[in-house]
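Would you mind keeping the following structure in view while I ask a few things?
Order of writing sets the labels: A, B and C. Residues in every chain begin at 1.
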C-alpha cells in the first residue's frame, strides 16, 4: 500500500517532468513568435551615452553583449537579403562607446558599414567616423588606420585621402611594412588590380572575425575574375585589330594564342566568349563583387559566401 | 487499543564532511503506550528522545521500522487531527497574537469555524493565559510561550498529546500548573506521552516510563515496579554524637546534627545496624525506610552494560 | 485540502504585511512622483516615455527584490525558527505547505503591483494630462511583470526548500539577471560549437526567459502586443512555475527536519 508520501512524490515528479517539457515546447514557440524582437528592443536606447550609463559600470560585459548582438543582427539580415541595415551603425557605436578597444568592432564596421546594401549598410560616412573614433582611442593600433584607408579606397574611391591615411598609419610603431607601400600605391596606381589584391589580402590576413574574412575572400576572387576578363578582352581586341574580325569562339582564341587549355575562373569553370567579343563567367552569382564578366542586364542575386556560413 | 505502538523505529544519520560515517541516533525501538496513561520518556540530553518524537510526528524519516498511532499507520495524515504536539522550546510566528495563532492552528487542524473562537477562548483560559488580547507573541515571556504551546497542542481536543520537555523554562509555580494540567488531561481520558530529563516530574506524574540512553531503550515499566528492583535504603537516627566503627564498616553515610546522628545505609544491612547500636549501648531513635527514587534506577540503567555478545553498549556505532 | 492551502496563503500574506514589506510602496511612490514632477517641468516631449519606462521598470525591480527577500526565507526561516514543527504536526501535507506559501507570496506581490500600477497611471496622468488609448498596453506590460513575479517566487521557494537564505538569495538573483539576458544567452549558444554549444543551449532553455516577458520598451513606444505573445507567455510562466514548485515539493517531502 502506497503511503501518502510516496503518492505525493510520484505526482510531484510527474508534474515536474511534464511541466519542464511543456516549458521547453512553449519556449520554442515563443522564439518563433519573436525572432527579431531582441534586436529592435536592443536599440530602444540608441544613444550610446545612455547605454553606458544604464550599464552601471559593467561596460565590458555590456560591450560583449552588444558585440554579439551586432554580429547576429548583421548575420540574420544578410542571410535574409535585407535592403536596410539601419541598426548596424548604432549597434557598432554603442559597442565601441562601451569598449573603445574592441578592435573587431572597427574591422566589422569597415567591412560592413560602408558597402551598399545588401552587402552592407551603405553608410561610409559613419564608417569613417567610427574608424576615426577608434584611432583616437587606440593610437598605437596601425590596423585601424588600415581599416580607415580601406574605407576611403573601396567605397569612396577617394585615393588621395586613402594615401594620406596609409601614410599616417605607416608612422605608427610596429606598423606592417605594407602600409608604406600602400601609401605609395594609392598615390600612383590606385586603380590597379595589384593594389586591390594587396588591400584585400591584408584584410584577410588581419581580420579576427569570420564574416570579414569571408568577405575578403569574395573580393579577392572578384579581383581575379575582373583581371582575367580585362586581360582576355584585351587579347580579343588585339585579335580583332590583327584579323579584322572577332573570334568566333573561345576555342578559336585558345588555338590562336597557343594556350594549353581554355582559361578558367577561380571555380574551374571556363570563361565564355560572346559574339560581341565580351568575356563572361558561367555563373555570375558565384562572384558577388565582380564588375566585369557579367552578361548585360544581369541582376545580382542573393550574396553567397563560399566558405562555410 | 494501544495508543502508540513503536515497531522498530530506527534513525541513523550520516555525519562527517568528506567520508560520511553513520551515527545511530536511535537504535531499533520497540515500545507500546496504552490509552489513557501518562507515559514518561526519560533520558539524558542527547539520548534520542526528541528524535523519536520527531519520527512519530513525521518531521524526521526513520531509517527503518514503523509505528502505529491510535491504530493507524503513523504516516497517515488524518491521524494528525487526533494528536497534539508541543515541541521543545517552541517558537511561534511572533508577529501574531496568541488568539491569531490559535485561530490559525485551529484552521489547519480542521476545527470548524463556528467552534473556533469559543475553543480558543477555553483553551487559553485552561493554560492560564489571560489578558493577552492584542499582544504579539514576540512580547511573551518564556513561560507564557510554553503555555501558548500547550494551548495549541490541546486546542483541537486530540486523543493523544506529545510533549517534548514541557517543563523547560518554567518556574516552580508554572511547573506545578503544567503538572496539574497533565493530570487533568488524563482525567479527560487523553493519553499523554512526554519526554523529560527531570525525574521528579516523571515520578510524580507517570503511570509508566521508558528510559532511553544513547539511542537505546534501557528499561520500560510502571514506576513502582522499576523502583522496587533497586535496592532500598534505610535511615537510622540515634542519640549522641558517636559513630561506632562497626557502623562505618557497614558503609553507612553518617551526619552529626546537634545531639543526634543520622545515617543512611542499605536496606539489607538494617539488622546489622541495629545490632551494632545495641552492642555499643547507643540509644536508637528511629529507623525509616527511604523511598527509593527513580533516580537510582535511572543512574543504574545509564551505566554502560555488557550485551550478551560481550560488546560494551552505549558507544557510537 | 484546498482550505488549508488558502489558510496558509493568508497567513503568509499577513506575515509579509506585518513585516512592513508594503512600506516599499512609499519609496516607490516617492521615486515616481519625483520623476513625474521633474519630467513635467523640463517637458521635452518624452514625458510619457520616461514615466512609463521608469514606472514599469521600478514595479518590476521592486517586486523582484521583495519576491527574493521574502521568498528565500519562506521555508528555511521556518525550519530554522522551528515554527514549522507545530504546523506539520497538524493534518497539513507538506506539499500543501509549499503551495500555500507560494500563493501567499504571489498574492503579496500582486497587491503590491496593484498599488504601484495606480501610482504609474497617476504619474502618467500628471505629465500627459490625459490618457491615450495605447496606454491600455501598460496593463499588458503589468500582466507580464506579474507573470515574472510568479516565476521568481517559485524559484525563491525552490531554493528556500533546501538552501540557506543567503545562498538562495544569490541563486535567485543570479537567475533573474541571467534570465533578463536570456535572448543574448541564446545568441551566445548560436555562436558556440561542440560541447559548449550544447551546454549554453541547455542553459538558455533552463534559465527563466524574462526577455520575452519584458515589453516595457515596446509599450512605452505604443507598439501593439500580439495575442499570441500573451498566450504563450502565460503558458510559459505557468509551466515554469509548476516545474519549480514541483521541484520544491519533491525536495521538501524528503527533508529531515532536524
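To be clear about the criterion, contacts are C-beta pairs under 8 Å (C-beta built on N, C-alpha and C of every residue); 3 or more make two chains touch, one makes a residue touch a chain.
Keep in mind that this is a model prediction, so the values were computed, not measured.
The innermost chain, defined by the distance from its C-alpha mean to the mean of all protein C-alpha atoms, is C. Interface comparison, A-B versus A-C: the higher count of C-beta contacts falls to A-C.
Remark: subunit B and subunit C have CA centroids separated by 49 Å (rounded to whole angstrom). Separating the centre of subunit A from that of subunit B, both taken as means of CA atoms, is a distance of 85 Å. Rounded to a whole number, the gap between the C-alpha centres of subunit A and subunit C is 43 angstrom. Among the residues of subunit A, those in touch with two or more other chains are 4-5. Residues of subunit B in contact with two or more other chains: 77.
Counting partners per residue, subunit C has 93, 254 as the residues that reach two or more other chains.
Of all residues in subunit A, only 4-5, 8-9, 12-13, 15-16, 19-20, 22-24, 26-27, 29-31, 33-34, 37-38, 41, 44, 65, 68-69, 71-72 touch subunit C in the complex they form.
Contacts from subunit B toward subunit A in the complex involve residues 73, 75-77. Here subunit B touches subunit C in the complex through residues 54, 57-61, 77-81, 83-87, 89-93, 95-96, 104-105, 107-110, 149, 152, 156, 162, going by the rule given at the top. Contacts from subunit C toward subunit B in the complex involve residues 3-4, 7-8, 11, 14-15, 18-19, 81-83, 85-93, 254, 256-258. Those residues of subunit A lying in contact with subunit B across their complex are 3-5.
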